[in-house]
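First comes the structure, then the notes that go with it.
Chain lettering (A, B, C and D) follows the sequence in which the chains are written, and residue indices restart at 1 in each chain.
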Amino acid sequence: MHVTFEEAQKAIAAAIKKAEETGTQMCIAIVDSGSNLKAFARMNDAWVGSIDIAVKKAKTACYFGMPTGQIGQLSQPAGPLYGIEHSNDGLITFPGGLPIVNQDGILVGAIGVSGSSVENDHIVAKAGAEAIGLSDLPAHPWRT
Amino acid sequence: MHVTFEEAQKAIAAAIKKAEETGTQMCIAIVDSGSNLKAFARMNDAWVGSIDIAVKKAKTACYFGMPTGQIGQLSQPAGPLYGIEHSNDGLITFPGGLPIVNQDGILVGAIGVSGSSVENDHIVAKAGAEAIGLSDLPAHPWRT
Amino acid sequence: MHVTFEEAQKAIAAAIKKAEETGTQMCIAIVDSGSNLKAFARMNDAWVGSIDIAVKKAKTACYFGMPTGQIGQLSQPAGPLYGIEHSNDGLITFPGGLPIVNQDGILVGAIGVSGSSVENDHIVAKAGAEAIGLSDLPAHPWRT
Amino acid sequence: MHVTFEEAQKAIAAAIKKAEETGTQMCIAIVDSGSNLKAFARMNDAWVGSIDIAVKKAKTACYFGMPTGQIGQLSQPAGPLYGIEHSNDGLITFPGGLPIVNQDGILVGAIGVSGSSVENDHIVAKAGAEAIGLSDLPAHPWRT
């Protein structure tokens, strides 16, 4: 199951609204459950370097069905997943990427946000994801 | 000078309207005058393989300030630009990518469309570009 | 909708059987409808260079929902899609890749075969795809 | 000397059996002694992001003839192999990849598993490797 284009647009609109409320300029990416890009928006004055980070955050959250920051906690030096960022053409494992889960607990895609502090990136991503679904995963089985 | 996010949204909306009129399912990418992604939309049921092609068409049109199909005419075997597709992490040189030029003749970005025949891709790209500017370049100098 | 692992195994077994009947040594890849690898098999004595070709054929067939050879007819010099192989990290556009379509006309994945002549590659891919579905696409809408 | 396709199939079947016993959903890759992919399986509901990690674990274990986790101990900050993950198009150096060694002490390939905790990944990889050989290397010389 995949996020639809209409849902992706709705999520981006909600993320932009939250970004404006927080006075930030964000790049926002939505991928479907196969981690393929569905929609993308770069607000005016957002960092050019955030384009790829937003996309990679969305892909990372989808690849493993969890918030990017959760992977980052495991990928620190001496952590169990140290170096996982070298896989899949580059992961981004700090906060700002969240899975998007539908009402039946199915992963339908993910959102990635980059452009400010990781705290703000996370807040904006959460606003986007929750405009169309949940960002918390139920217990297994939940995958697409 | 760069296309604004509001202009990018307007171009994508116009492109989607034209795609719907032609009964096609498109991927549509807008880049700014630095060839960096500004906005992207994948309509429902558009080919997954068209994501990258739409983005590359937009970048290609911006890199050289001309329609992608015009480059493709020069990159055929025995042509002066044979093999140019190997540059810049991959160009797409068949129709569907157009520069976006403002009223002062300045290149402000480009649009790339993929998802149907190259004729349809071109028609949809043209509708998108012309919603916010021109797709024909004036004589030099025109660059940003 | 995605091909299941059990279906992927069944398709590979059928492809191997056909390869043995034709006296060939093949690499066989199955991807799901997001073009992500589901299963892969390299028969003994198959070319090492065919690993990547089989995977790229499967991805190519899935990306555009059509036989790889059909794309190759359009991507010849002076053809409308000349140079499309530069997209998506490299396409393979000669025969040997086929979409896998279920009984409802939904694209659920694709198969890619490499290791012999393109005629043999196609025959083996067809045997694999048809063990679990159709390789001919209905009229639109058919996409996942 | 290389692992045969029949052995690769046997190793994957044993790994899947162990994954089912542990209630996990795994990606499992087998490479030959040249680090070239021989067979691959993605169980239903396994993470899409684990495809590349499983393959990279198998390649990493084969490239250096040792368990991936052993390399990871050397690649930590201030360690002698810090940053080795940047080589060979990306290594994965946490547990889940193991060499496969035959009865004569010859490296014939490697297995990589990804999809759960690194402890589970290792257990499943070990079950796969030991279905067809040893995963402990004898003293040098042992290479193919």
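Rule of thumb we're sticking to: contacts are C-beta pairs under 8 Å (C-beta built on N, C-alpha and C of every residue); 3 or more make two chains touch, one makes a residue touch a chain.
Predicted model only: the values in this text are computed from it and were never measured.
Both chain A and chain B derive from one sequence, and where they touch, over half of the residue numbers involved are common to the two copies.
Comparing C-D with the candidates A-D, A-B or A-C, the pair whose contacts agree for more than half of the residue-numbered pairs is A-B. A straight line joining the Cα centres of chain A and chain C is 31 Å long.
Rounded to whole angstrom, the centroid-to-centroid distance between chain B and chain C, based on C-alpha atoms, equals 30 Å.
Averaged Cα coordinates give chain B a centre that lies 43 Å from the centre of chain D.
In chain C, the positions touching at least two other chains are 34-36.
Viewed as a network of touching protein chains, the structure does not reduce to a path, ring, star or complete graph. Listed by chain label, the pairs that touch are A-B, A-C, A-D, B-C, C-D. Those residues of chain B that touch chain C in the shared complex are 25, 45-50, 52-53, 56, 72, 75-77, 85-86, 90-95, 117-118. For chain B in complex with chain A, the touching residues are 4-5, 8-9, 34, 36-44, 48, 51.
By the touch criterion given at the top, residues 34-35, 60, 62-65, 77-78, 80-84, 86-89, 91, 140-141, 143 of chain A touch chain D in their complex. Across the complex, chain C is touched by residues 2, 32-36, 144 of chain A.
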